[in-house]
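Please read through the structure below; I'll follow up with questions.
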Amino acid sequence: MLSSYYEDLNAGDRWVSRGRTITEADIVMFAAFSGDWYQLHTDREWAAKTPFGQRIAHGLLVLSVSSGLWDLAGGTVIAFYGMDNVRFTAPTFIGDTIHAELEVLEKRDKGPNRGLVKIKQEIKNQNGKTVMTAMLQLLIKKKN
Amino acid sequence: MLSSYYEDLNAGDRWVSRGRTITEADIVMFAAFSGDWYQLHTDREWAAKTPFGQRIAHGLLVLSVSSGLWDLAGGTVIAFYGMDNVRFTAPTFIGDTIHAELEVLEKRDKGPNRGLVKIKQEIKNQNGKTVMTAMLQLLIKKKN
Amino acid sequence: MLSSYYEDLNAGDRWVSRGRTITEADIVMFAAFSGDWYQLHTDREWAAKTPFGQRIAHGLLVLSVSSGLWDLAGGTVIAFYGMDNVRFTAPTFIGDTIHAELEVLEKRDKGPNRGLVKIKQEIKNQNGKTVMTAMLQLLIKKKN
Amino acid sequence: MLSSYYEDLNAGDRWVSRGRTITEADIVMFAAFSGDWYQLHTDREWAAKTPFGQRIAHGLLVLSVSSGLWDLAGGTVIAFYGMDNVRFTAPTFIGDTIHAELEVLEKRDKGPNRGLVKIKQEIKNQNGKTVMTAMLQLLIKKKN
Amino acid sequence: MLSSYYEDLNAGDRWVSRGRTITEADIVMFAAFSGDWYQLHTDREWAAKTPFGQRIAHGLLVLSVSSGLWDLAGGTVIAFYGMDNVRFTAPTFIGDTIHAELEVLEKRDKGPNRGLVKIKQEIKNQNGKTVMTAMLQLLIKKKN
Amino acid sequence: MLSSYYEDLNAGDRWVSRGRTITEADIVMFAAFSGDWYQLHTDREWAAKTPFGQRIAHGLLVLSVSSGLWDLAGGTVIAFYGMDNVRFTAPTFIGDTIHAELEVLEKRDKGPNRGLVKIKQEIKNQNGKTVMTAMLQLLIKKKN
């Protein structure tokens, strides 16, 4: 979907991504890359004493992974404008498999060669449970 | 700041983080981890033809790195509730050094052992330019 | 192209991928992952004394990176059968940007739900020079 | 073996490498590095429905790892000329331990200071099953 | 503790770090980064036949991880002078959670703006067993 | 050298390793893995104001990398007993190429199937300057 030009994106368009299993290695690598070693993600003993009962993936890990599930290779995105209503609604545990569901909410013309597109993203796990929602805004190229 | 208990966080509290230089290696590693190989971040020839003139860091890289600059080791964060008004306001180029500036905007009691704290985050580069802003919401423990 | 079903792949079909810049970080990460720290890839002083005059990317790095440029998300590949005539024809230096060009050479029926497809791959750099060629064989699903 | 000079390599020479266990982390790291997130390697739910019944390592992961099992530190390899008859003959599952067995097939003089050596590589797992075969060709230095 | 100035560090001061679970991914990543693929760390079959009965973390992995548990963000460390009596006293297995306990042993003035501080480090696992000890020496800034 | 059995190691034996160039990517990866983001290693602006004038590699990075330069594949090391007199004697800058020089200092019998070997390690850069020294102690297998 995000490979398309502005003219080809319309409110109501929907797209479902492939899935990706979130492994213990992913959590370690994200802790390492981000520098966020919060114990809920990286200390098995500590996490066992929380209501989650185990380590969970970082919210920003889930968000980062979702960006790799978008279909960007077309080269039509000018810039990532921003996000609103980002909510982490359920934990992602080691071994869960998540995918992204995108829906165009609205689009707004921004001149002769670009427009702003608002997209609702839901990340769901293998049980269909929504673990994250967000409203993305991207600047997309027009055809000419 | 994010090592504190709910009672010790008050509107107007401010905190400035250490800095981290964003290297070419960071961009490659984030592309790899996230799976987002969008050409603006990973193809030097392609990026040279955009208005940026060169590869730029992923917005979610900047956001992810910022989480490692927060001060979380105290173990007082119960959950990352969400974000609003996330805006990517300027590019981060290879070699730029970014840091986070946090300010408590407001807090709201959520029962006997927790509260919700809203924090404004600004990410600035070595020239003082703001490259990202966001309003974070976290659930924070009370002292008992 | 590699997202297609067997019936939709035909001799002569061609596809050109996006590009990816090969960075010093890529060479370090591939040396680390593979365990191949051969000095031509990882010792700047040693490499300076070879005919290449500098470090070059591992041949298998170029081959591995090419697989990420194929378009596999459709889920139609049953198995990677093998490769022939893999030739490393020119060095890839730090900072070069490579892309893949694929062409279906032939296909062969392998029963009611699969077929073998032979694909010629050329990896070219930003100057159009071919740095690697290979003949890939993949088992591809039929539509039913 | 690949630490030797051309004169010291002869048809029939055999060498067996140490082993390396292929972990879930290896598969995630190779998917990330290569950009090949094909679901057979990275989506546990999807892979469970294939004849393999679970995620398997990428063929190019196995090939890349094998290069780290070769004994290259001698600095006698001038270039990796190419490969033929690369065949992925059995799956490598998470937790399998693989090693390389190399045998010199033939060698061919290429002038006063180098020669081409053809080597058969078999990668076997902990049960002795061959998971990959290939015929490697390398340009090797002569002693002077 | 290591965020403090020289004047604020005194013999007998003690500090206990957060914990970090050592995963299989950590061992693979350290093997990759360091290039130390010794079979005791990376070959499950080989390690099963040693007195340890399984793979163990590299000693230098444990030491490297401990440095991330120190509290360095204050920017008061001028240089890492050295270590003595580094002893690896028990194995760290996959899944163990380690933390650091530091105690200032002595300090020595080194001029108007710095001093040398000797610190005893013990790394303990989730059962309270000491897996590594070391005596660290760091050059620390004075306040002016 | 460290591939040898106890009987074959004798005081005065010397061995020189291959080299490895320490890149900016290595420093970022070690900061990430270890969790040690001290500004001297990861903040270009901050490091520019120190006597070093630029970012330098972590001491433990140099030590960790050295272990990958040892020759361990023989499988004769029983355990890494410890280290003494570890001293970081000069900085390693981005782009420096380091190698290890080992010398057996003494050995001590520890029963019918093992002995302790003390080895002096010097890490030198491309200019021959010693950047780290250490005295390593390893438990090594006897031939039977």
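General remarks:
In order of appearance the chains are A, B, C, D, E and F, and numbering begins at 1 in each one.
Following the convention adopted for this analysis, contacts are C-beta pairs under 8 Å (C-beta built on N, C-alpha and C of every residue); 3 or more make two chains touch, one makes a residue touch a chain.
Quantities reported herein were computed from a predicted structural model and do not represent experimental measurements.
Any chain bridging chain C and chain E, meaning touching each of them, is among A, B, D, F; the list is complete. Across the two interfaces under comparison, D-F and C-F, the one joined by more C-beta contacts turns out to be C-F. For the self-contact between chain A and chain D, the two sides draw on mostly distinct residue numbers; the shared fraction is below half. Summary of the copy comparison: rotating chain D onto chain E for the best CA superposition needs 120 degrees, to the nearest 5. Among the remaining chains, D is positioned farthest from chain B, on the basis of C-alpha centroids. The centroid of the Cα atoms in chain A and the matching centroid in chain C are 28 Å apart.
Distance between chain centres (mean CA atoms), chain C to chain D: 16 Å. As a whole-number value, the distance joining the C-alpha centres of chain B and chain D reads 41 Å.
Looking at chain F, one finds that residues 18, 20, 23-26, 28-29, 32-33, 35, 37, 39, 46, 68, 73, 75 touch two or more other chains.
Contact residues of chain F toward chain E in the complex are 20, 26, 29-30, 33-40, 46, 58-61, 63-65, 67-70, 72-73, 75, 77, 79-88. Residue ranges on chain A touching chain F, taken from their complex, read 32-33, 35, 37. Against chain D, the residues of chain A that register as touching in their complex are 18-21, 23-26, 28-29, 68, 95, 97, 126. Chain F contributes residues 23-25, 28-29, 32, 37, 39, 42-46, 55 to its touches with chain B in the complex.
The touching residues of chain A, counted against chain C in their complex, run 18, 71, 73, 75.
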